[in-house]
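A short worksheet on the structure shown next.
Just so it is clear, A, B, C and D label the chains in written order, and each chain counts residues from 1 on its own.
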Amino acid sequence: MEFEESGIGEECGVFGCVAAGEWPTQLEVAQVLTLGLVALQHRGQESAGIVTSDGGNPPTYMSHKGMGLVNSAFPPDALLKLRHGNLGICHTRYSTTGISELLNCQPFVVDTLHGRIAVAHNGELVNSRALRKKVMRHGVGLSTCSDSELITQLLAQTPPMEELDSPDWVARIKNLMTETPTSYSLLIMFKDVIYAVRDPYGNRPLCIGQLVPISKLHSSGAGEEDTEGWVVSSESCSFQSIGAKYYREVLPGEIVQISKHGIKSLNVVPRPEGDPPAFCIFEYVYFARPDSIFEGQMVYTVRQRCGRQLAIEAPTDVDLVSTVPESATPAALGYAQQSGLPYTEVLCKNRYVGRTFIQPNTRLRQLGVAKKFGVLTDNFAGKRVVLVDDSIVRGNTISPIIKLLREAGAKEVHIRVASPPIKFPCYMGINIPTKEELIANKPQFKDIAGYIGADSVEYLTVEGLVTAVQEGVAAMQDHMGSKKSRVGHCTACLTGKYPVELEW
Amino acid sequence: MEFEESGIGEECGVFGCVAAGEWPTQLEVAQVLTLGLVALQHRGQESAGIVTSDGGNPPTYMSHKGMGLVNSAFPPDALLKLRHGNLGICHTRYSTTGISELLNCQPFVVDTLHGRIAVAHNGELVNSRALRKKVMRHGVGLSTCSDSELITQLLAQTPPMEELDSPDWVARIKNLMTETPTSYSLLIMFKDVIYAVRDPYGNRPLCIGQLVPISKLHSSGAGEEDTEGWVVSSESCSFQSIGAKYYREVLPGEIVQISKHGIKSLNVVPRPEGDPPAFCIFEYVYFARPDSIFEGQMVYTVRQRCGRQLAIEAPTDVDLVSTVPESATPAALGYAQQSGLPYTEVLCKNRYVGRTFIQPNTRLRQLGVAKKFGVLTDNFAGKRVVLVDDSIVRGNTISPIIKLLREAGAKEVHIRVASPPIKFPCYMGINIPTKEELIANKPQFKDIAGYIGADSVEYLTVEGLVTAVQEGVAAMQDHMGSKKSRVGHCTACLTGKYPVELEW
Amino acid sequence: MEFEESGIGEECGVFGCVAAGEWPTQLEVAQVLTLGLVALQHRGQESAGIVTSDGGNPPTYMSHKGMGLVNSAFPPDALLKLRHGNLGICHTRYSTTGISELLNCQPFVVDTLHGRIAVAHNGELVNSRALRKKVMRHGVGLSTCSDSELITQLLAQTPPMEELDSPDWVARIKNLMTETPTSYSLLIMFKDVIYAVRDPYGNRPLCIGQLVPISKLHSSGAGEEDTEGWVVSSESCSFQSIGAKYYREVLPGEIVQISKHGIKSLNVVPRPEGDPPAFCIFEYVYFARPDSIFEGQMVYTVRQRCGRQLAIEAPTDVDLVSTVPESATPAALGYAQQSGLPYTEVLCKNRYVGRTFIQPNTRLRQLGVAKKFGVLTDNFAGKRVVLVDDSIVRGNTISPIIKLLREAGAKEVHIRVASPPIKFPCYMGINIPTKEELIANKPQFKDIAGYIGADSVEYLTVEGLVTAVQEGVAAMQDHMGSKKSRVGHCTACLTGKYPVELEW
Amino acid sequence: MEFEESGIGEECGVFGCVAAGEWPTQLEVAQVLTLGLVALQHRGQESAGIVTSDGGNPPTYMSHKGMGLVNSAFPPDALLKLRHGNLGICHTRYSTTGISELLNCQPFVVDTLHGRIAVAHNGELVNSRALRKKVMRHGVGLSTCSDSELITQLLAQTPPMEELDSPDWVARIKNLMTETPTSYSLLIMFKDVIYAVRDPYGNRPLCIGQLVPISKLHSSGAGEEDTEGWVVSSESCSFQSIGAKYYREVLPGEIVQISKHGIKSLNVVPRPEGDPPAFCIFEYVYFARPDSIFEGQMVYTVRQRCGRQLAIEAPTDVDLVSTVPESATPAALGYAQQSGLPYTEVLCKNRYVGRTFIQPNTRLRQLGVAKKFGVLTDNFAGKRVVLVDDSIVRGNTISPIIKLLREAGAKEVHIRVASPPIKFPCYMGINIPTKEELIANKPQFKDIAGYIGADSVEYLTVEGLVTAVQEGVAAMQDHMGSKKSRVGHCTACLTGKYPVELEW
C-alpha cells in the first residue's frame, strides 16, 4: 500500500526515558529521546516534540517542538536546550488540526496547583466532545483541539476527596480513566516520575525497555544493577536503536510508574465485565514497523502468516508472486512460500521522489505513479503475475500500478490483499477516509477487479486475519507458561463492531 | 538612549480592527492589521500574532503567529489564511518568557463553553501570582506564563449569577477588572465584536481611530456615513499609515464595544476613591513614537518641553548642543532653543549595524559602540559640547560615546538627561533591569560624571518632568472646554510610589 | 552496501530535453527536466542545476542552481524563471570541490565570441591537469576546479582553421575529443541545439529517449509524427517517469545533435586502433538504478546473474540466504535461486534515519548501524545465514551488521560479495577511497572473515563478474541481429588495468 | 531623498585588510573584513563576499559569498571557514545582473598560470563591451556579465614581453589600465599582497588606513612599530569601526602595494595630457556616509555647505526650515544657519517599514508614503515650511510627502534641493534611471512645483555645487602646505560632460 495517496493516516508515537541512579547520570536523555523518536517516525511525520525534566524539586522543564521530521525539527540549539534532562517524554504526530499548527504539538505542558506536568498521548478519546463540554462547563478555556490538552485539564482538576497539599496523581489518573474508556496510551511526566498508562482496552500499544551497557545488551546476564535507565515506547522497534532490552508490555488498563528507582506497577483499571481487550489489529496489518513485537510476536511474522493464509484462501494460477514495495513484502513472501510460486520483484521504488514544486499539467497527471516506481520489465514480461498488497483503501494507487505492469508486458495481473476490506471509520486514533471514499463502500466494489483493471482481486477474510494474528499470541503464551489473559483485537474498521458504544 | 544595550525593555503593542457595514466589506482587515502592527513595531520586535474572525455565527477564526519582525513573521501564505476576516486583533511583543517561545505569543485564543474568544494584552497584572494560584486552585492547568492566558481563563469562568446559555461578557470583563486593578490595555474578540478595555488607572495607552475613505481623511466633513471601519491601537501613530482619523482615547476603566455597527461605551469601572489615574510617564519619555498623541498632546512636543525645562534647570556654558541619535533629538532641540546655543550633529548612526555573528575579541570589545556611530569630527573638534540624552539606565552606552567624542577632539563633554534617574523596578509592564544594575543605585552614582567620563552630568527633576508632561494636558483640556478629569501619571520607577499596593 | 559510510562516491547525472515542433510547444521543458533530475538523484545529491533556452536568435538562457536534493533546490520561483525554455540541460552532482560550492555547480554557462553555451558533464577528464595548464598558458583564468569549466574554455577557443563569423561547434567538439580521451558524457547546449557527446571509450553511460503522448507510450505504433520532444539522459530509468520511450544509446565517441527537428548523428570519433570500449563495470554493480538499461540489458538482471554466478563460485551450507537492503537484493535473490536455499529477510531499514544533529557519545558510537536497521530476529534466530552484499569497500559497515545478527541469535553468518575486491583508485569519475583505506589493500584482508567477524567471506571473481555482465550484451546483440560491435568494460578499480595510460 | 523609490542605485564598496608582522598575527582579519563591510553596507545591500588568503607559498584561499545584508550573508560557519586568513579583500554589491545572482558576486577568484588571484571592483568600465569582445576573440569564455571577471581575465593574459615563470603583476595591472581609462577602484589579491588601484581619473574613492592598538588610536604618537595591519576601503567611515587611523587616499592612477611589510606606492599611471581628475560629485551629494572624508574634507561639511549655498541662491520667506530625514539633514541645517530661520522637524521615520508581503489594494496605494513617515503635526500646523531635500530623481517620493504636510495643516510647502537636476545617465557605476524617467527631462519639469504640488521648487546650481565641494578641497590643500594637485569632479549626470569619450 502506498501511504501518501491512499489516505489512511498513520497515527502518533510516544516515547519516554528515565535515567537510572543519581544525578549527574551518564546517560544523555535528550539523545535517547531523539533517537527513540526517529525510530517511531513512521507513526507520524508532521511534527515532533520533546520535554525533559531535570527531576529536581522544584523541577526545571525544558521543551522543544518543531514541524516536520525529527531530524529537521531538532536543530543543534534545540538539543542543547534539552540537554540537562534526567528524564523526558516525547511525541511524533501525524494529524494536523486546529488553527495554529505548532500549538497543537505534543507533549502538552501545563502548570497546575501542584506543579508542572507534561503529557504525551497516542490515541483518540471516543467521548472527547462530551469531555470538552464538561471541562468547559467547569469554566476552563481550551486553547487547542487536541485530546492531550483535554487530558491535562482533566488531570489538573482536584478530585473531590483529595487533600490540597499533596496531589494524588494516581488517583487523578484513575479518575481520568473512569471518565474515558479508550483510546489512549499516555505518558505523564511530573517532576522525577513518568506515569505510563494504557487504556483498559489496550487499544494502542505501549511497552517498556531497559537501558543497559551496550556490551551487555545481548547477554542474558544483565541484572538490575546494570540498568542505566528505562524507556517506554509505542513500539519496541525503537529499543534496538538506543541500546535497550525489551522488558515487557504495559498491560491494558495498567498504570506503571517509571523513575530512577525503577519500574513499579501501580494499578490495573479493569474493563467492564465481559469486555475483551481490543488491541488495534491494523497495527499488525500496516502501521507498526515489521521488527516491532506486540503480544509476544514479531509484526513481520504476523504479516508473513497473513500472506500464507491468503494463499490458502485465495490461490492463483500464475507464474510469479510479487509485492508492492515495501510494506507488502512480508505478506508477498508468505504467499510465495505457501503457494510454491517463485517470488520475483517487478517494481523498484525511487526513494527520492517526494513533494516537488512543479505544477502538474495533464501530461504529468496521466503519468501518475510512474515517477515513483521503476518497472523491472524483464522480470515479468509475458508472464502472469500475482501482486500482493497489504491493504487497499481508495483503490487509486493500485490501479495505475496495474496499468504500468500491463503496459510493460505482464500477461495477467492478479491482486491479492493481505487484509479484509476497510468499510467503517475509526474513532480511536486512525485517520481513515470517510465511508464514501472507501473503495469497499462504493458501487464499483462489486466489480473491483474491473474497476482497478486487475484480472482478479481477492481479500483476506476477517476470520483469516484474526487467526493469523491470534495464532502467535496463543503460541507465545503457552510457551511462556504464564497465566492466559484474554485475547482480543479491535476490528471495527473491518466489521463495524466497536469495542465501546459510541456517544455523540 | 541606545535601546539595545541599556536594557530597558520596550513593552507590547495591541491593535484591532472591525470593518463597518455588511459582509463582504471592501476593507481588507488582514492588511489593516498588518500595517497597524508595523506601525507599533517599536513597542516589541520579538514576535507578532494576528487573529481574525469572519464574524459569522458560529464564527470562523483564523490565526497566525511568528517570531521576529512583522514583515518576516507574516509571509504571503500567512496573510492568505487570514484574509477572510471581517474583524481581528493583533499583538506585537517584546519580552520572552516561558519554555516555548511561540507558545507565549499573543493573541491568546481559547474555546469556552460559549464559543471561542481571543485576547491581546499590553501591560502586566500586578497580582498575577495570586491570580494564577486562584485559577489553578479552581482546577485549571495553565500552559504558559503569560498574563493573557490567565486573563482568558478568568474570562472563561462563569460568574456566579450568570445564566448558562447566554454569556454576559461585559459582566465577565467587569469581574476580571475587580480581580486585578492594573496594568492592562486589553482587546477581547468574541464572534463579531471587539471589547477594548483599559484598566481603571489608565496605566497603558489605548485609543480609537475611524477608518474613512482616503480622500476624506483630512477633510473635516467625514461623517458617520463615511466610516469604513474602526481601529483601536496602543498608539495613534498607527492611524496615519492605515488611513484612519484619530477619534478618542479609551478612558481609564472604560469598556468600549466595537462592532460593524460602531463604537459603544459600555461601562467605566471606577478607581478606588481618591486614587488618581496613573498613565505611565515613560511612554512620554522614551517608549512611544514621537508622532503619537496621548492626553491630547503630541509626544514629540512633550519631549521638546522636557529639553527646554532641562535647559532651565541645568544650563551649561558650552559652544554647542547635540543629541544621541535618534530618540533624544526632540529634547536636544528643546534644550538648544531654550538655551540659545547652536544645535549641531556630532554623531551619525550606521543604520546597518545589527547582530553580527563575529565573536568579539579584546580588540572588538575595546572598540565598543564605535561601530554603531560615525563621529562628525569637524563639527565639534576643539569645542565644548553638551550632549542631551533621554535617559541613562546602566551608563554603559553613554560612557564610550563620551570617550569617542573626546578622542575625536571635543574640548568638554557635558551630559544633560531629559528625565530623572531610574531607581525602582516596574511591575506594570516595563522591563527595567534589576535595582542593582541601575546606575542610579550604584555607589558610583555619587560621582556619575567621573564614572562615565563626562565634565558634568545633570538630570531633569521629577517635578520638572511632571510639569513638562502635565502642562500640555492642562492646556489641552482648557482649550477643549470639557470637564476637567483628574490628571495623574505613574512615576513609580523614579519615585518608588506605585499606584496600587503591591501584593507578594 | 551502505553508501553513506562505505565511501564510494556516487557520480553525477546529466539530462537534457528538447521540445519538438514550433514554439510555443505544448511540452513544459522545465517540468520534464526537473522530473528527469529527480529520477537521476541516486547519482548525486549534493547540488542540482538546470539551464533552459528559449531557442531564439539570439537565445535567452534561464538558469537555476541549488544545493541539496532536487526538490529543495528548486523552489516554485526557480521553476517559474525557467519556464519559458524550449530546450534545456541539467545536472545533479555528487562531489564537492573548490572554494565555493555553488560556483562549482553545473551546468556551466559561458559567453563566447559566438554566443552563450551551456555544458553539463558526467565523468572526469584523465588529463585535466595538463589541460588546465594548457588553457591557462593561453592566458585564461579558471574560476573553478571543475572539468566543466575547463571544457567550456576549450570549446570557446577558436580552432586554427575556423572562420571567425560562423563557429563550427562540431569541429570544436571533435577538437576537444582529441585533446582528452576519457571520461565524459557531455551535453552542450547552444541556442536551439543540444549536442550529446560520449567519449570514445564510452566510459560513462548516455542514452536517448523519445517523448510521445502518454496514450501512445506503450503502443508500438508511435511514429515520428507523434514525437513531442527528445530527451537524453545518463540512465534510461528517467524515461518512465517523464513519459518517454527508450530510443537508443549514444555510441562511444558519438556526437549526436538534438533539436526540435529531431535526432542526427554527426560523427563518431574513433578510439586508438586496438582499444576496446571501456564502459564502467561498476555502473552495473552498484551505481545505476536497477531498472535502467545499458547495452540492451536491464541492470537488475545483471545483478541477479552476478548472484547466481556467486552461488556457483562460492556455495555455502546454510539455512537461508539474505540481503543487506536494498541494493544487494537482486544479487541475493539470484544466489537463492541458484543455490535452492530459501530467501529470507533478516534486516529492515529505518527509512527515516538520516543526519541528526545529536553529538555521538561513546554509547552511540557503540550502537553503530543499529539505528539504521531493524533486526527481524524471529526469521533467523538459531539459523545459519548467508548474507549477500554487492560490494565491500572499507568493511566498516558490514562488520557491525554481522555483530547485530549474531547478537540476535544467528548461528552462523557467512558473507558473499557479488563483485570482486576493489583495489585501485578510479580516475574516471568515481570517488573511491584512497588505496590505503580500501579493505582489500589492508593486511587484515588475508583474514577478512576474522576481521569483520564473519564465519566466511567470499567474493565474485573478476572473470565471473565480466561473464555475468557480458553474457547479456552478447545475447542481446545476437537477438537484435545487428552488427556486433566490440564489447569491453573498464575494470580498472578491480584489476588496475586502466583503459588509457595515465599522465601525471 | 528616499532611496528605495527614487531609483538612484547605490554603488558598490570594496575593502581589504593585511595583518602586519609574521604569522600567526594577533589580528583576526576575517573580523576586520566583516566589520569593514558592515560600515560600507550603505553602498550596496544585495550581496556580499569575502576572500581571505593565508599568505603562504602556495597560498590557501578561503571564500564566502552570500545574498543580502552582511549580517545575514555571513553566518557563523562562513566566518569560521575564513578564519585563517592573514589578508583578505571583500565587496558589497548593489546591482543585480546576469542569469545567476550568486555567480556575479564579488570578489572574483581565478586560477592563472602563476597562481590564484582575487579581484574586487567598484565602478564600471566605460569600454566594457569592446573589452569583452576583445577577450572573447582571444578564445576566452566569460561566465558572468561582471566587469570583475573581465578584469581577472585581462590580468590572466600574459603580456607580450613577460617571462613565463615570474609574473609581473604590476606590468599586467598597468597594461589593464591602458586598456580601460575609468571607472574603477580595484583591490587585487595575490598570495600575500593586495594591490590597491584607482583609475587615472580617480572617479571612485579609495583610501588607506592604519590599524593600531585601540589604546593608541587617537594618540598622535602611534608610530610604524605600532602598526597591527593595514586596511584599504572605499570610504574612511569604515576605519572608526575597526580601530584604524586614516592614513591617506590612493591617488588617481596610483598602484599601491599593501603587504605585511607595509605600504608601497608602485606607480602612478597618468591621465591623458590636459584631462582633469573626475571624482564623482554624487559621492558628496548622496552616496557616501556623512562621516567619510574625501579630498581632505568631511562629507557632512560639504552637504552643510551645499545647504548654505542653496539658502543664498534660493531664499524663501517662510516660518521654518525642515528636512526629509535622514540624508538631507546636513543640508537642511546649513540652510537654516544661513537663512536664520528655525530648524524644525516635521517628519519622523518609521524605521521598521520595509518590504511587507501584503498585496497593495487601491486604498493602500492611495496611502503611499504615509506608512513610512509620521507627521509631527503640532510642529508646523498653520506654518509656512521650506523642506530641504538632497536630490529629486523621479519626483514620486517628494510629491506625497508634500501632500501629507499640507493635509496635516502646513500653510505653504516650498522645496529646496541641495543639488542640481539630474539629466544624464551615468556610465561609471551609478545606477540612474533612464533619461525618460528622470523628472528633469519630463515636460512637466517646466512647472515642477505644480507637478509635485509645492508652492515653489528651487535647485542648487551646478556652479553652486562645484563651489561648495571645491572650496573645502582648496582650503585643505593650502592648510596642508603640500603641492597643489589639480582639482576636478565628474558632473556628467548633471551636465552631460563625461570625463572620457564614450565608445559604443
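What we mean here is this: a contact is a pair of C-beta atoms (placed from the backbone, for glycine too) under 8 Å apart; a residue touches a chain by one contact, two chains touch by 3 or more.
Keep in mind the model is a prediction, meaning the values are calculated, not measured.
Engineer: If every chain is reduced to the average of its C-alpha atoms, which one ends up farthest from chain A?
Structural biologist: Farthest by centroid: D.
Engineer: Just give me the whole-number Å value for how far the CA centre of chain A lies from that of chain D.
Structural biologist: Chain A and chain D have C-alpha centres separated by 62 Å.
Engineer: Can you check how far apart chain B and chain D are, centre to centre, with Cα atoms defining each centre and the answer in Å?
Structural biologist: 38
Engineer: Express in whole angstrom the distance between the two chain centres, defined as the mean CA positions of chain C and chain D.
Structural biologist: The separation of the two C-alpha centroids amounts to 49 Å.
Engineer: Quick check on chain C: which residues sit in contact with 2+ other chains?
Structural biologist: Nothing qualifies.
Engineer: Check the chains against each other and report every pair that touches.
Structural biologist: Pairs of chains that touch one another: A-B, A-C, B-D, C-D.
Engineer: Give every residue of chain A touching chain B within the complex, in rising order.
Structural biologist: On the chain A side, the touching residues are 61-65, 99-100, 102-103, 108-113, 117, 132-133, 136-143, 149, 152-153, 155-158, 164.
Engineer: Spell out the part of chain A that touches chain C in their complex, as residue ranges.
Structural biologist: Spelled out, the residues of chain A in touch with chain C are 26-28, 30-31, 34-35, 38-39, 41-42, 45, 69-71, 74-76, 78-79, 214-215, 217-218, 237, 240-243, 289-291, 297-298, 300-301, 329-330, 333, 337, 342-345, 348, 350-359, 361, 363-364, 366-367, 370-371, 374-379, 407-408.
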